[in-house]
Amino acid sequence: MKDLNIGMIGYGFMGKAHSNAYSQASHFFPGEYRPVLKALCARNRDKAAGFAENWGYESIETDWRELLKRDDIDAVDICTPNNLHKEIAIAAAEAGKMILCEKPLAMDVAEGEEMCAAVEKAGVRNMVWYNYRRVPAVTLAKQLIDEGRLGKVFHYRANFLQDWTINADVPQGGAATWRLDAEAAGSGVTGDLLAHCIDTALWLNGGIQDVSAMTETFVKERMHAETGQKEAVKIDDACSFLCHFSNGSLGLFESTRYARGHKALYTLEINGEHASIRWDLHDLHRLEYFDHGDDSIVRGWRSIHVSDGDQPYMGNWWVPGLQIGYEHSFIHQVADFLKSLETDAVVSPNFRDALETQKVCDAVLASAAERSWKSI
Amino acid sequence: MKDLNIGMIGYGFMGKAHSNAYSQASHFFPGEYRPVLKALCARNRDKAAGFAENWGYESIETDWRELLKRDDIDAVDICTPNNLHKEIAIAAAEAGKMILCEKPLAMDVAEGEEMCAAVEKAGVRNMVWYNYRRVPAVTLAKQLIDEGRLGKVFHYRANFLQDWTINADVPQGGAATWRLDAEAAGSGVTGDLLAHCIDTALWLNGGIQDVSAMTETFVKERMHAETGQKEAVKIDDACSFLCHFSNGSLGLFESTRYARGHKALYTLEINGEHASIRWDLHDLHRLEYFDHGDDSIVRGWRSIHVSDGDQPYMGNWWVPGLQIGYEHSFIHQVADFLKSLETDAVVSPNFRDALETQKVCDAVLASAAERSWKSI
Amino acid sequence: MKDLNIGMIGYGFMGKAHSNAYSQASHFFPGEYRPVLKALCARNRDKAAGFAENWGYESIETDWRELLKRDDIDAVDICTPNNLHKEIAIAAAEAGKMILCEKPLAMDVAEGEEMCAAVEKAGVRNMVWYNYRRVPAVTLAKQLIDEGRLGKVFHYRANFLQDWTINADVPQGGAATWRLDAEAAGSGVTGDLLAHCIDTALWLNGGIQDVSAMTETFVKERMHAETGQKEAVKIDDACSFLCHFSNGSLGLFESTRYARGHKALYTLEINGEHASIRWDLHDLHRLEYFDHGDDSIVRGWRSIHVSDGDQPYMGNWWVPGLQIGYEHSFIHQVADFLKSLETDAVVSPNFRDALETQKVCDAVLASAAERSWKSI
Amino acid sequence: MKDLNIGMIGYGFMGKAHSNAYSQASHFFPGEYRPVLKALCARNRDKAAGFAENWGYESIETDWRELLKRDDIDAVDICTPNNLHKEIAIAAAEAGKMILCEKPLAMDVAEGEEMCAAVEKAGVRNMVWYNYRRVPAVTLAKQLIDEGRLGKVFHYRANFLQDWTINADVPQGGAATWRLDAEAAGSGVTGDLLAHCIDTALWLNGGIQDVSAMTETFVKERMHAETGQKEAVKIDDACSFLCHFSNGSLGLFESTRYARGHKALYTLEINGEHASIRWDLHDLHRLEYFDHGDDSIVRGWRSIHVSDGDQPYMGNWWVPGLQIGYEHSFIHQVADFLKSLETDAVVSPNFRDALETQKVCDAVLASAAERSWKSI
């Protein structure tokens, strides 16, 4: 058993999700490598210490540059707000660390290209936490597509709907709401939510050629948690776009934080010549599947309860019928990362994959700003 | 085109459903025979006249004995409360009329046997309005079973849940609430609701051997609409029973008018060795189907939208995807009755079939009263 | 009781739906006026005669100009392919007939404007068969919006998904497939399916300001049923668009005939500040409703089984829990049309309303052709 | 932080579920006490060592009597087949250990009473792993009932449906299939599955007075994994029963391993005067709730996605919309057990609570054997 020493930067929601994944991966996916929670890095020493104790991190740092200097760190996990990804990632690459970076990769394509160049020059293993690829039902969708069950694809549609910012009293900025602050987040729902939809789409359905987008900011001003002042909201509250995929199919994407009744409803559907697939995050353990090859009198959408041993990842969990949840997608990503150390395979999505998603995001924002179609 | 002259007795909820069925059947299921609304019979002349005008009945009668004397009536439809079925049916048989009788057949098995004897002696065509057999999804279930898709059956379960009598102020007796009056109805949910479940079960899964039942009357006294007095409620508000089918499967049935949130939820499920089937009346245009023969990774319950031309009855309606409703089950029953005149086939369920349901109902009530298993 | 004498032009799918509606309306919605099926008009005399006999039309015509000359016709129902709407409607208006015209109103806005001018000049009652407004669940949605339950609206999305033209062997043109022939239909899914979505949207959510659209024709050539030749397909197989509503909400619309697994899935969702609504045609008797005002621990989407007497139109049908179907939306439209004769109210949608939908359709097609945003 | 030293006996499916719970509880539910995986006990040293290493147990034992002698063990977790529960539990009580025992408590009531007497005499903290009480949706159901939202209860129904033993080649006995061997399991679905349903029912709806039951063994003989011989199957493959609750409501329970299409479908529904509740294990993160107090036009079953911070246990997990799974019910049980050490409160269900479930199970089996109603 070999140790993979992790240095985690950040301790917010994603820091918790990743820490849990490192803690759990080897229990359910035993292999040659095992993650060790070596160091937790955050500016606030007290908060860092509390988080480290809870999760069993062996040490803490308050300056990420110090973390990168340590020889006992093999891999750096970047869980900071988006505006810090680039600087840390490039420095980590230069320090020869493997990098596991939260999504979206960067604030924009230019940053992302620098980051790709850095990791490729340094030759360090790199991965981006687009975790939804590893929800078993989504992984099963990929398998069905790769088996050719859908045939020619006509349509791909996805949306990611939330409702948590309808209240105009939600502030922007600060630890809890930096996602509403353009300085920290780069964009609103485009980088936060649509990026997930785009990553999955590129993986399942191939490249996107052009987009026509529309964005909206419903609440124009919000108190800033750091300045205490009402400031203009510069992120997109909602974003929708039309697109063409390289395989000839049509795409339709939408994301918003103003869809009352939806907490985190990421839904995707693919319509192929022979079969169709649907999935949604609110019931993530199910995949809907329609097979036109079924006898016509008994054709219907099948609700597949993805919990059997022959379905992706599920043989390592419980028994048929017993569902897993959101956190497990991260555990699978760690398990696959660890496995990649054994096999020396590229683990996806890496920085280069995530750059493709960034390109679509940038084109979407440009299209919306200019009210015109944009090629990728 | 030949006329089938109908004489309808009663104008309540079922009178409306049957009148609609006679009006519509030939529009969608053209054949040699066409029903003609010849006479409507009810004690209250004004109400009879209003109903007759609305539906296009050519004449009215206020005494069913007069109706039976008329030569221009081919078939009598009995839509009265249950306690009148026997007398009218026997007289109608003696008058040589075809009979279409509302369910349940009779107040008890003894009455039912007299009625069967009468129609068989007279040799008149007879049918009982267990309409749910002709909801297309249920008819499709029958087809799948007959094709052998389920294999050996292990379980049959059905329930019929309503909530309209929870309010203790609902009266018993009278035109609108005779179903709560034991004098008029014979029993409560057993004859009203479970009888439907049993009829379908006998049709889909064969005979029942023995039962262990439990009944309850939650509201002990209700105002009687005719006497204006509070009187003891003598019907069963709820009834559940266990049973063994002749094919070795186990049955579980439940009915109640105290299931808050369910207006008229008739649900059935059959579990076979190779496949299972589910259906419910609240979404009556769908059949749920699980086929164990599907590839294991994509097995799931299929939600079949029964609206295609190759599914039972649906070729005569609209186009795929467009649903029909409750009333259409009666139209199908009329269409099949008319067809039986052409082919001289027996149309089911006839009085003899309905007597089998009556036997189970009687055994259920006896089992509940005596707290012991009863054989059929 | 007064007669409203109907002259029907056409006997296809819509001719059947409308004939049924005229037959049924007075049975369930009694009023001062009653439709009389006076004449059926179609070029093929034999087919006209068969259809007329089945539905009880008193006479037939083979030339619609002759029909318009008859004094015993009060109202003309136009059920022809779209390219005949204008000519017939204008002539009918000039003949002083009321007009009930199938949707879409016209081949384009220019035609539609001529038609509006004609009926307004003649002062004849006019209506367009956008029947989905009168599915009880949709009518209930309108009521909830009018009651202010949603508050400020953020999002409106709708799609209409079918899969019946995936097979490249389906021909274009002719009686059964004229909807694939641009000469007869004007457009593909835009006029056939999106027009429904747009009509409902304008009714529920107000005007649309601008659109960015994308269309696709997946099968480039199809045999023409009339010429017997392979000819270029000129209709849109699929169409999606983004839009802004005048009330500040964002819209997203999609329609296709290439969504495997969906027969006729018209779905709409509206997200408001206080509540959200969802509906789909495959379970048309249900409305999904989310009320943010519910106690937080028990908030959830409610699945409302629209079958109670206090819900739109349902008091005239059966009893709670028993569903109606597709055809009933037409019956309600006839019932409301008959009622408008009593009250002399405008019945919606009329030609002027339908012209607004036509404007959006034209803008959508222009936007797709030119790859740019178009104002309405 | 104080340690709670755990000695685990067994390493099967439940050993894994409990080990995971001990590993995770303090990460998400920090408190004064923290479980320490001190020793794993199993007869097979190699398997014990492998399991211990994977989960981080500090030591292993191969004889549970030795484990009980150790001073460094505070609490014993009994994850053996049912026929060993009694002996180990009594010895553990005598050794002064806290006990966390898998369900069902015992082979029968007599055993259970001895066990209760032992733990009560010894005064040791005791708990039984009826984990479904702590699925957040089920805990929320309990809260809603305790708040009086249902009013008088009329009906309680539950079933637990599986399909994994339909294949007659599944053996009985041995490590993987001891649940089919009456010697090891005591009973079939009654103790395995119905016991869960009964435990939840007693918790949510109070005591059961009498039962009428039916059992069946569909496959009469199976190969025994230990003897290699075909032997008679003595467990119940399926069991259903009717019952009366002390609060006047009627109960209906069913369990089987022959319901094709259901992997582990534990469903419960409660119908009260004012509201109803439904839950099923296949979508365990949802609770269905019908509130008759809603405005009548918008009444419907609410599908509550139990993932908000104000719903039971969920404030300690992720963010609204992100679901947890099966394993978390065990984590919650450990968290509550740890909390009970701080507060010295009784943690439920304890042995005495589980004995009540055992009484119902015994009555059910006796009723089925004797075909008569049995009082509890």
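Think of it as A, B, C and D in the order they're written, each chain with its own count starting at 1.
Keep in mind that, in the parts below, contacts are C-beta pairs under 8 Å (C-beta built on N, C-alpha and C of every residue); 3 or more make two chains touch, one makes a residue touch a chain.
Note that the coordinates shown come from a computational prediction; the quantities given were computed from them, not determined experimentally.
With every chain reduced to the mean of its CA atoms, the largest distance from subunit D is reached by C. By number of C-beta pairs in contact, A-D leads over the other of A-D and A-B. Each chain gets a centre from the mean of its Cα atoms; for subunit A and subunit B, those two points are 55 Å apart. Centroids of subunit B and subunit D (each the mean of its C-alpha atoms) stand 42 Å apart. The distance from the centre of subunit A to the centre of subunit D, with each centre set as the mean of the Cα atoms, comes to 36 Å.
Taken residue by residue, subunit B touches two or more other chains at 262, 286, 301, 305, 308, whereas all remaining positions touch fewer.
Across the complex, subunit B is touched by residues 140, 143-144, 286-287, 289, 291, 294, 296-305, 308, 310-311 of subunit A.
Interface residues of subunit C, counted against subunit B in their complex, comprise 13, 17, 19-20, 23-24, 26-27, 30, 54-55, 162, 164, 262-265, 281-286, 305, 307-308, 317-328.
Taken together, the subunit A residues at the contact with subunit C in this complex read 154-155, 157, 161, 163, 166, 212-214, 216, 218, 238, 240-242, 244, 248, 250, 252, 254, 256, 258-262, 271-276, 290, 292, 301, 371-373.
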